[in-house]
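The following pair of complexes shares a single chain, subunit A, combined with subunit B in the former and subunit C in the latter.
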Partner chain A sequence: MSIGAEVPRDRAKRLLLGRGRFVDDISLPRMLHLAFVRSTHAHARIEAIDCAEARALEGVVAVLTAAEIADGVASWRAEHKLFPAMAAPEQFALARDIVRWQGEAVAAVVAHSRAVAEDGAELVDVSWTELPNVVDGKQALAPDAPLLHGHMDSNLAYTTVIEAGNTRKAFESADVVVEETFRFHRHTGVSLEARGIIAEFEPGEDRLTVHQSHQTPHQQQDLYARLLGLPEHKVRVICPDVGGAFGLKHHLMADELVACVAAKLLARPIKYIADRMDSFLADIHCRDHEVTARMAFSQAGDILALEVDDLFNAGAYGQYPRTSIAEGNQISRLTGAPYRHEHYRANLAMAFLNKGILGHIRSVGHPIACAVAERLIDLGAGKLELDPIAVRRRNYLHGDDFPRTSVGGVEFEHLSLRDCLDKALTMIDVARFREDQAGLRAQGIYRGLGIATFVELTAIGPEYYGEGGQHISAQETCLMRLEASGTVRCYTGATDQGQGIDTGIQQVAADTLGLPMAAIEVISGDSALCPMGGGSWGSRGAALAGEAALRAASTLRHNILAIAASLLQKDAGCLDIKAGEVVEGGITHMSVAEIARIGHFQPYTIPHGVPADLTVTARYATTGRMFLAGNGLQIATVEVDVESGIVTPLRHLVVHDCGRILNPLLVREQVRGGVVQGIGSALYEELRYDNAGHLLTGSFADYLVPMAGEMPDIEVAHIETPTATSELGAKGAGEAGTAGAVGAILNAVNDAILPLGATIAEVPITPPRLLKALGRI
Partner chain B sequence: MKARRISLTVNGEAVACEVPVRLNLVDFLRHELGLTGSHVGCEQGACGACTVLLDGQTVRGCLVLAVQADGATVETIEGAGFDDLLADLRAAFHRLNALQCGFCTPGMLLTAQELLVGNPNPSRAEIREYLSGNFCRCTGYQAIVDAVEAVAVARAS
Partner chain C sequence: MLALPGEDGAIIAGGQSLLPLLNFRLAAPSCLIDIGRLDELRRIVEGDGYIEIGGLVRHCELAASAVIGEAFPLLHQAIGHIAHPGVRHRGTLGGSLAMADPAGELGACCLALEGRMSLQSVRGQRWVGAEDFFTGIYETALAGDEILTAVRLPRRGPGGIQIFKEVARRRGDFALAGLALVAGANLSNPRLALLGVADRPVLAARTMALLREDGSAMGSAVDRAVAQIGKEVDPAQDPAYPPAYRRHLVQVLLRRTLAELSP
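For the complex of A and B:
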């Protein structure tokens, strides 16, 4: 069996040789380069754009503004029919009249080289009239706030309440109530390879071919076709090697669309590669929530009720095509989800601000939902003088609680929360840590331990975007083709950005077909070649594309055996395929290669009625369930330097249940990568804006990412509870690391500073914030 | 645009050409010579994706101008290697899944190679410290540290 084995990835070999093929590695004949003039103001009226000097620069081919591209590209609105009341102002590829965030693209310079395009961009002279701006949610929702969008009465993009039971009564009768106001600051995905695109237009055929660093080629094919007015089958989107994505490459980005329009207008290939400043300014951002939450307990430590008020500081517009609602929605639905409680209310207010557009980055909403509930449990346990681990265990959903729809409306087939906790406690001796902790405190060394339990929503079902009206596939189809030599090509709609879904599909196909892995190749990332699918986001590859591959391979296996049975005059039920040979018990009859040869070149020898298709497809989508929920917990220990405010992670462990694991080698490091991103947002990463809406963190000198030296070894263990909803039994695994790390670190830091009478509820926990919490500055 | 003629050796081949004086080394290697294994991640010297060897030392290809490499020897991931150390590192990175997207990997490999040349038996902390100029967003760094450590241990035995 290769499923479950620690199989390294084929694709990695090429990358290790420096022979990857990322978008910027591709050059096409007569290719031109694009650079953008971006808004220097958070909110301003464009009075005039003088492009004369830029156009006169040697090497500049064109300068495009909204006026030049108006006929070439449609506008769009980030609407979602499941949230019909959500405001969805009109958006344009290049700003018209008014800019609403610093970094919004205003003009595009097309030149013979990127350097000259950038020179040209500096020569474009925009006359602005600054408008009053809002960069803070509370300020944005104040009655006299300046409005971002003139047609709206306020900056409130959306508000909703989710309610179950009666929280008011539950809080009144509770023995203990704890409350905290949390601030989760804005950050982003920071893929090492920035966004990039090459768009090529063939006017004779009305054909657009796009190479793009992206997660969802079919979604982009649909969007480019509709926005540029092209027939969909004339648009082909190819995603070559993608240098990290983490959610920031599964949206429509205005600057990338401009590259397509420019290619169409100029009939020459256009390359746009974002630089790091472009990335910080104009990539999708995430988080930026202020959450006030209360939890009610009984004296015995039962959670009685939970209330969550989330002020969501969204960007200037909704993200397209998915909208920005999901992060707020996830927080409303997921907070406290691992725990049994009946009374719940979550309030969401989403405000438009003069900041970059906010959307889906890895583990959407999860880290916030997790950190809020986990911190409240620690606060409650502290007040009740109970062991926080015991309080968690007591309140975990378990056993007969499943299947269950949570008070927040999340469906759980099964969660293995107690098993994960038990496993974790075999990995770390908490009593010993407490002893050491007490001893070290006497020496002025402050260490803390934090636990965070999480649920992980994966493999979204088709209803969310289907009912929302978006053209986003949550279904996966696998096309599997037996070549004449007996090797197999699998074409999938899932895409591989390094997480290794190609290898996972190869393993599933190999096991199902009885072929060695080396006989199977997976082809992905091409909207013209691969069957329509969703791409890779939201931890959907293994669960959906893996199951589709299993189904396609089952059909192909059935056909191979049917042909063999007809040739051998045997009952197909007696035959099996092992290591590429058709066998019957211990007897080897013929090879799959022989069947492939006959099937392709001598089909006349196969009787009518035998299913002899050697190219088959199968599809898979979940039904009646919005997500497949995995779960787990993380335990972090940290040391806080109370003089400098620096937090040093010491140990970090994860126990995770993502159903059946296709390849533990790949899952483990993906979980660790998620943890490191979570530690990044807990301690370092922040997109800071000043009061004028200017981004202060536009480089790696200002926006800090975790490097090897700061990170601890991360111990990862798994509980494996396959989902019964599919034959394969896999759930997604990509969110877990990020989902729990913020809560674990936040609790660990608070545990460390508890004896100093201090608390902190703001992430990232930077030295200045921590020193302020400690009263030192 | 001011240009200057340079001559250098790149991966063992003599190269002579005229380059704009403002062109940096990594853009020269990538776009003039087609050596796209060195990547551009920040153009600010922070991320390490553009790491190449200039006269045997790792440098940031984005912080060195092509004209500064005049007369020098440059090795990129496509050509670099001391004995079989790089091959060992590649094999260990592959076996232990020390890369996902692979964008940081050429820089990581060259930096790890330099570490092991100077310090054949580094501790995990020393490996982490030495690789701290190379940003990886996909892995948790641990598999990379494991791979470098495994090569050091195997070569010591």
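For the complex of A and C:
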């Protein structure tokens, strides 16, 4: 069996040998390079753009502004039919008349080299009239706030309330109520490889070929075809090796679209690789929420009610095509979701601001939903003088609670919360920690332990984007082809950005077909070759593309055995495939290679009526549910230097249930990587803007990412509850690490400083913020 | 070449600061002058009462030098805080001092150790003391045509004190604040240099005077020194790390340093 085995991935070996082939490694004949003139203001009117000097520079081929590309590319609006009231202002590939965030692309310089393109960009002279800007949600929603979008009567992009039961009554009758206002600052995804694209247009055939560092080649194919007015089958999007994506690379990015337009206008290949400054300015951002939440408890520690008010500081536009709503929506739906409580109200107000576009980055909304509820539980347990672990256990959804639709509207087939907790408590001796903690406090050393329970929404179903009107596939199809030598090519719509889903699919195919892993090659990331699919985002690969591969492999296996049965004059039901051989009990009859040879070259030997297709496809989409929910919990211990404000993570453990595990090695690394990103947002990562809306963190000197030196060992264990919704039983695993880490660290830090009478509810927990909370500065 | 009219060249040593500046388009010299093959700048020379470190001596070479470790343990402590091995294998003493990052470790160390810089040009050679060498944020006494060829550090008497401390967000980051304390036995003639709290490495002159008067690192003397240094430093506005935070850090670091000295 290779499903469930710790199989290292082939791709990793190649990448580690330095033989990766990323977009920037590709060079095409006659290729030109692109650099952007980006807005230096958060909000301004473009009075004039003088490109004369730039155009005169040797090596510059063209300078494009909104006017030059107007006929070549359509504009777009980030609309979602499930949220019809959400404002969706029109956006252009290059800003037209008004810029709405610092970093918005205004002009594009095409030149023989990137360096010359950048020289040219410096020579473009834009005359601006600055407009008043709004850089924070409260200010944006004030009655007299300057408006981002003139056609709107406020900056409120969307507002909604989700309600169950009667929270007002529940709060009135509660024994204990706790409340906290949280601030989750803005950050981004920071993939090792920045965004990049090469667009090549063949005017003779009206054909656009794009090499792009991206998660969703089919989505891009559709978007480029529609926005550029090309027939879809003439657009091909190829994703070579992708060096991390985290959600940064599953949107339409204006600068990347400009590369396509430029290729079309100039009929030459155009390369654009975002540098780090471009990335911080123009990548999708995430979080930036202010949440005030209250939780009501009974004396015994039952959670009675929860209220969540989320002020969502979104960007200048909605992200396209998915829109920006999901983060707010997830917070509204997921906060407190692991717990049994009946009275719930979540308010969401989403504001447009003069800041970069905010959207979907790994674990959309989850870390906030988790941290808010988990912090409130600790506060409540503290007030009740109850053990916070016992309070959690008492309130976890459990046993007969399933199946269940949560008060926030999330469907749970099953959650293994108590099992995860029990397992975690075998990994860490909490009583012992408490003893050490007390002893160390006497020496002025402050350590804390934080726990965070999370649910993880994965494998989004077609109802979300399908009903939303987006051309985003939530269905996966697998095309499987038996080669004449008996090896198999497996074409999938999922894509691999380093998480190793290729290997997971290879395992599924090998197991189902009875072939060795080495006989299977998985091919992905090509919109022309691979069957239409959604790509990789929202932890969908194993659950959806894995199931599609299982189904395709089952069909292929069925056909192989049918051919074998007819050749052997046997009943197919008695035959099996093991290690590439058709066997019957202990007897080996013939090899799959032999059947492949006959099937391809001597098909006349196979009687009519025998299913002899050796290239098969199968599709899979979930039905009737928006998500497959996984769950887990994390426990972090930290040491807080209460004098310098530096927090040092000590231990971090995760117990996680993602259903059937295809490859524990890959799942553990997903979880670890996610935890590191979560610790990043808990302690380090922040996009800071000044009051004028200028980004202050435009490089890695100011935007701090977590580094190996500061990271604790991350211990990962699993509970395996396969989902019954598919044959494979896998759920997604990519959100878990990020979902729980912020809450675990926040609780651990608060536990550490508890004896000093201080609390903190703002992440990242920077040293100055912590010392302010401690009243030391 | 530096002196050639019409050229606006820049010396490149380890490139660990210059290359990022070029990438950010913050520097655009007309040419780069690679001094990497000037072997005479690579030496650590033991002189009479001093040690002279060539401008091209790399951070990793300083860290590996037993001579330096013995005479100036301060430098060994400090280098552990500079970036990561990759940077330490390329970055040079001359480059670091010429760059004059206000949070640079080596500048503060040279200041505490009463270093003198040798500046050379086609016009000749001159010596400038560390106190006069650093003139502002990324500003030094180096003229456009001068190269920093060496730093001369006077040897210290036996039984002395050399302590370096800093706080950085992550290992290897530039310091949010740091200090270098150099003194004789029993804290005599203390020199206390600070990094990350002003536009250049600075001596905490009044705190030094107080420590000299009190001649002790115990009890109320510590409190007085800590209070004094808080009054003495005046960090610039910084939205991420407000002045009050850096001031507080210097106080924390001084208290920790003096705590190590108390018996």
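Everything that follows uses one rule, which is that the second predicted complex is superposed on the first by the 777 of 777 C-alpha atoms of A that agree within 3 Å, B and C clash if a C-alpha of one lies under 4 Å from a C-alpha of the other, contacts with A are read in each partner's own complex, and residues count from 1 in each chain.
The definition used in the following text is that contacts are C-beta pairs under 8 Å (C-beta built on N, C-alpha and C of every residue); 3 or more make two chains touch, one makes a residue touch a chain.
Please read all numbers here as calculations on a predicted model, not as lab measurements.
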Figure out whether A:47 sits in contact with subunit B (first) or subunit C (second), or with both, or with neither.
neither
Practice problem: Pick one for A:737: touches subunit B only (first), subunit C only (second), both, or neither. | Solution: first
Message = On the A-aligned overlay, A:669 touches which partner chain: subunit B = first, subunit C = second, or both, or neither?
response = first
**Request:** Kindly classify A:467 by the partners it touches after superposition: subunit B alone (first), subunit C alone (second), both, or neither?
**Result:** neither
*asked:* Which partner chains sit in contact with A:699 here, subunit B, subunit C, both or neither? Use first/second/both/neither.
replied: both
Discussion item. Output check: A:429 vs subunit B and subunit C. Expected answer is one of first, second, both, neither. What do you get?
Written reply: neither
### Task
Applying the touch criterion given at the start, work out whether A:17 contacts subunit B, subunit C, both or neither, answering first, second, both or neither.
first
Problem set entry | Touching partner for A:707 - first (subunit B), second (subunit C), both, neither | both
Please work out whether A:767 is in contact with subunit B alone, subunit C alone, both, or neither, and reply first, second, both or neither. second
After superposition on chain A, the subunit A residues reached by both subunit B and subunit C are 275, 699, 701, 707, 709-710
Contacts from subunit A onto subunit B in the complex sit at residues 8-9, 11-13, 15-22, 24-25, 27, 115, 189-194, 241-246, 273, 275-276, 497-500, 665-666, 668-677, 699-701, 705, 707-711, 713-714, 737
In their shared complex, subunit A is touched by residues of subunit C numbered 23-25, 167, 169-174, 176, 239-242, 244-245, 248-249, 252
Interface with subunit A, subunit B side, in the complex: residues 20, 22-23, 30-31, 35-44, 46-47, 49, 76-78, 90, 93-106, 109, 124, 127-129, 131-145
In the complex, the residues of subunit A that touch subunit C are 118, 122, 275, 277, 643-646, 684, 688, 690, 696, 699, 701-702, 704, 706-707, 709-710, 766-768, 771, 776-777
